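Take a look at the structure below.
Labels run A, B, C and D following the written order; every chain starts at residue 1.
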Amino acid sequence: MFLTKVRWFALILAVSFLTGNALSAQTKPRARDIGVPFDGAPGPNNAITDVKGVEVGHTTLISGEGKLQVGKGPVRTGVTAVLPRGKNSSNPVFGAWFTLNGNGEMTGTTWLEDSGFLDGPVMITNTHSVGVVRDAVIAWKVKHGSPDIEGYWWSLPVVAETWDGYLNDINGFHVRPEDAFHALDSAHSGPVEEGNVGGGTGMICNEFKGGIGTSSRVLDAQYGGYTVGVLVQCNYGQRDQLRVAGIPVGREIGGEKVWDDDVGSIIVVVATDAPLIPTQLKRVARKVSLGLGRDGSYSGDGSGDIFIAFSTANPGAADSKGLRHLTMLPNDSLNPIFLATVQATEEAVINAMVAAETMTGINNHTVAALPHDRLREVLKKYNRLAK
Amino acid sequence: MFLTKVRWFALILAVSFLTGNALSAQTKPRARDIGVPFDGAPGPNNAITDVKGVEVGHTTLISGEGKLQVGKGPVRTGVTAVLPRGKNSSNPVFGAWFTLNGNGEMTGTTWLEDSGFLDGPVMITNTHSVGVVRDAVIAWKVKHGSPDIEGYWWSLPVVAETWDGYLNDINGFHVRPEDAFHALDSAHSGPVEEGNVGGGTGMICNEFKGGIGTSSRVLDAQYGGYTVGVLVQCNYGQRDQLRVAGIPVGREIGGEKVWDDDVGSIIVVVATDAPLIPTQLKRVARKVSLGLGRDGSYSGDGSGDIFIAFSTANPGAADSKGLRHLTMLPNDSLNPIFLATVQATEEAVINAMVAAETMTGINNHTVAALPHDRLREVLKKYNRLAK
Amino acid sequence: MFLTKVRWFALILAVSFLTGNALSAQTKPRARDIGVPFDGAPGPNNAITDVKGVEVGHTTLISGEGKLQVGKGPVRTGVTAVLPRGKNSSNPVFGAWFTLNGNGEMTGTTWLEDSGFLDGPVMITNTHSVGVVRDAVIAWKVKHGSPDIEGYWWSLPVVAETWDGYLNDINGFHVRPEDAFHALDSAHSGPVEEGNVGGGTGMICNEFKGGIGTSSRVLDAQYGGYTVGVLVQCNYGQRDQLRVAGIPVGREIGGEKVWDDDVGSIIVVVATDAPLIPTQLKRVARKVSLGLGRDGSYSGDGSGDIFIAFSTANPGAADSKGLRHLTMLPNDSLNPIFLATVQATEEAVINAMVAAETMTGINNHTVAALPHDRLREVLKKYNRLAK
Amino acid sequence: MFLTKVRWFALILAVSFLTGNALSAQTKPRARDIGVPFDGAPGPNNAITDVKGVEVGHTTLISGEGKLQVGKGPVRTGVTAVLPRGKNSSNPVFGAWFTLNGNGEMTGTTWLEDSGFLDGPVMITNTHSVGVVRDAVIAWKVKHGSPDIEGYWWSLPVVAETWDGYLNDINGFHVRPEDAFHALDSAHSGPVEEGNVGGGTGMICNEFKGGIGTSSRVLDAQYGGYTVGVLVQCNYGQRDQLRVAGIPVGREIGGEKVWDDDVGSIIVVVATDAPLIPTQLKRVARKVSLGLGRDGSYSGDGSGDIFIAFSTANPGAADSKGLRHLTMLPNDSLNPIFLATVQATEEAVINAMVAAETMTGINNHTVAALPHDRLREVLKKYNRLAK
């Protein structure tokens, strides 16, 4: 069915509801469920929301079919919101960021870098909608009644992107402020929808369908029992580089070339409840690279591989009255956090690919999902199938 | 007269015309004209546009009076566009950036940093309008017909901001895409409007009225005869720190406190036709700090002091066909460029303050202009009046 | 035999000769020779010296046995020199660096970062001998007759380190200026000695014996036919994280724990003849992380994972007379360089481990080599043995 | 008197004693004493040692006269040690660094940056003696009995430099480990020797004699009453750029050209007892630029302008047992710290120049001191003489 260019909110909300509800999220198999072996112990949801307080919301925009008519569609895009302390808190968290390859955007990082605080949510959308989402975050805050009439809070929102113009009418600018509001308002704890949802709707990863993926690790009690959660919007890579659990799965499965180059991107959000200060979180953000390395990425010139890490500990750290009292994990206790970050990143990317489904977008471009059966066959061939 | 909330385009365009036209720009005295001594030799316009190819456009939005009604005004804001090679070229320039204090936004810097290229204009507006201007730059490019239907060009625009919420209804989000288009479309070479124009309309500097300022330096022929141009949107500082030509002018003039802290910001754009590669331009951007130091800035916590530098040399550097052939000034020939950057920055800030006029904005907040006669008296007292 | 503390130059030179000569280097099997599969096409020596002009020299210091007597030994250390244009040129190369984890030292990087040039060799030694080697590089240059009597050249040498105190009397400061001179004077093109040589003599990698390793890739003619060479001094990692060709080899082989934490480090030098400017080389240096990720590293807190990249193209770039004329590979042609960097890094680490032999050092600490037969068995078990 | 090349320890100690003793330090007039006006309230010694716990020691090496004979002299150099918690503590402090222009060396910064800790002293010497001083710091620690026999502590010392080859036989490598030991062992609280002492012995600043200078500020009780202390080894700048209290003093005084370019450097150490975390200290380090800007610096290509900042608060922050409990000043209370840093930097440079005395070194090169009487005359001419 070809939808003429109308803003079908009912449809959008329906899609959002369907993909967003926990039941449907749980009924889809994840990478572990189909036998991909990973190291480390995940949390109850194997999701970034295993870090207490973290909430995730998606707005998924899917409408239209067939030939691209700029401004009319087809639309295959959306917005994802990650709220470090949930939607009812405006309490900043310590944060830091890192760029592995900079062909992308993450607004708000200049102040994040200098202040050491992430003040507000992390939003992820398509490349050409970063602006509308950015201003919308401020508007959302204003609407929710800031105590400060001049609205100085949340003035420098963090919004990241990857490019979905292969499937989506990206120059049609279909994301509206309301879509950002919805992602924020619908954020929730518990299981996180993966695959073709939110900002990940139209994304492509290693020439298979990509999108949103998540994973977590819980540290042993001897290391503090902290949780590390990762959420990715993955849109990077070439098939013949893809490794799953170390196995050259992309090359084995093969398939139609989507493109000749590594033109995509990946945004990675790392959350933890470990009490880390910004210097330490910067190191955590940098370790994400190693997880991508395990999956075979070489981070091409066209890729915006940008990572952000935050800690939900030290809830009063950003208050401005008097001296702040903080706790900090010693540097030489960071290794389990680093390892968890690497492991959860490695898994979140594969989770995104396992969850994503084949999608047809503009000009009937079709991107196939990673076939679960073939993935199992390849892992078995290399004696790496977990079950 | 109190304007009800209407989008008075006619007025806007009229204001824009009045402030924008070269004649009016020339009739206002500049800092040198009233006797402030500066080192170095400026170019013909003593403006960033003395660097061949650089064009500057402003959209100035002034409407309403009296009590703040969020969304209705009063409006005291705008958009400034700096186009490195003018509005008819989409040829990227080598560029780099630096943050002296990070309480601000400059989008597009992640790719600028990693690619070494500035691909498109530098836009400057208010803090809460960065998003709309950012997406508008992409839309403007799409509208002007990119050869690439998927619109990959100019996808990561550079947009910076300072905060005008003391005079402007910043939470009313009055800047529209059309305002960004107009700033781009009206960009021109020659004299640059200063003071209460464009992104600088509602800005405050050292507790006097601030805004847009510019200056340039032409190097001696023995150093290559290159031009260095600087444009600032200045909104930083405390009166009692202000030094003009080294003299503590702010303290001497005194006046009503606007605020107790250094809560503003300054965006600085440095252009040159010297053939510098990105590593060198990063160093140029860093030297801007020293010019601000001469003016007495201590770059407070609330300040977003973000600088960008670009070189218009090497026009084909970003082409992707085959090896690029570049010219580069040797590192040990950079000193005159560094000194020119410091000098032009020092002067551009003072030019902005000299050009800006007293303004009344929301809730009848009034910010007084730097009084020219008092400035001259103080310089004379310290034997520093040039004429 | 226990050697009393004497400076056994004869022995040192003998060892250096034995390990240094091309024949012996070629008779030791390398990772590919024993069936480890790697992607990409290496150069003739599969070594950093495949980049024309690059020379490598080692001084290997091995003396004494038994109980540690600080200042007397046992000694298991050395110096490795990488000369971008060989020992007869003082012509700087474009360069850049990156730190994945900063628990280490690489001197000279402040000027490398700001100038974009690597002026002199890259030296690698043990942690406590960085200083002596650094000043020795200046002295070596002075001795070889600088045209400038005041000796301004090579004043900021690049010297990196990893920590060999588990096997070596590191607090005995056994490296002398002469050892740095010898590494420089004996530098050569052709095959590079690997394993327990030079700076790598006493190093440990993934709880097996580590040291020096190297590898290279030659790009397809369609990508310019450039060579990328990598040399590592590897001393990082935990056995249970080690992956070889994606296979969890460390866990499968098992063995005695050397330590409980990731306390080591890795220095990586990347050379290429592709015409890259410093901004691009910084990106190349950053990609090294992805190669380490493939090998399973998580880059622990105690690790100094510091990478440097340089390009031998543009030989006159640092001259100071007049404008420099450069060639530059376009950014969107960088992908094959990035991929080659990742692949050669992945292989160089494994080459170091395959070449290194079991060593006993201070207090009879013994670190076992990676057993080649077990490695083959594990790869075979996972259907990844190449031959 | 021409001294043959002997290591005249008696002389050295005598010089060190003379310049080092508090009485002589107090008898020399400082910039304020001769009427230079500065903003802000200094601490009791107007020195970095006003920050409780900070100690400073110098070794001053002056011997020989006449023609340069490399290795024989004349010698005009030394070592300065700044110990954050005095020589009896090995307790690290939070620290950070910044480079304004990178033509210099500061070892140890890679781990400083990543760990957030400065572990040991900050040493300053000449460019060609960084290595010997670096290793000597480790040796000093080993000698003083580390609890850890393998000596992992203080393995990455921070050593910075400026270039004294115009007056000193820099290629003679006259600094020995003992000189570093002496600087450490003789460190003391109280007044700090300035001018031709320690690492500053042979330095030149704005073409007058330079060297070591220091200053401090004490914040108002309402801002916490913290102290900020600055120590500089200044060796940068061109006479015609020098501003004292904003007045173009260099140009007014004039004098013989020492060189045509800005080829020197400045190392700046900032200490505070305010409880700042590393992210905040990095910002403090960056603000040093603004103090140099006030003095007229444009930070030339040849300059190594490298700054380090540390906080003596949070004494147990680096312990590795269990969670660390920290205090932190809120970001929006940083302004008085920033301003104090700018002011103390501005003054420390002028203090160095006022204290330094005319010196003759190699080949009878002579560098004249800033003449106090002329300085006063110029300030008076511009109505800026304080008394």
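Operating definition for what follows: a contact is a pair of C-beta atoms (placed from the backbone, for glycine too) under 8 Å apart; a residue touches a chain by one contact, two chains touch by 3 or more.
The structure displayed is predicted, hence computed values, not measured ones.
A count of C-beta contacts for the chain pairs B-D and B-C puts B-D on top. Each chain's centre was taken as the mean of its CA atoms, and the one lying most distant from subunit D is A.
For the pair subunit B and subunit D, the distance between C-alpha centroids works out to 36 Å.
Here the CA centre of subunit B is 47 Å from the CA centre of subunit C. Each of residues 101, 114-115, 283, 331-333 in subunit A touches at least two other chains. Residues 114-117, 275, 277-280, 283, 317-333 of subunit B touch subunit C in their complex. Residues of subunit B that touch subunit A in their complex: 68, 70, 99, 101-111, 113-115, 127-136, 138-139, 142, 149-152, 155-156, 159, 163, 165-166, 170-171, 173, 304, 306. Put simply, subunit D touches subunit B in their complex at residues 100-101, 241, 243, 245-248, 261-262, 283, 286-287, 289-294, 296-302, 331-335, 338-339, 341-342, 381-384.
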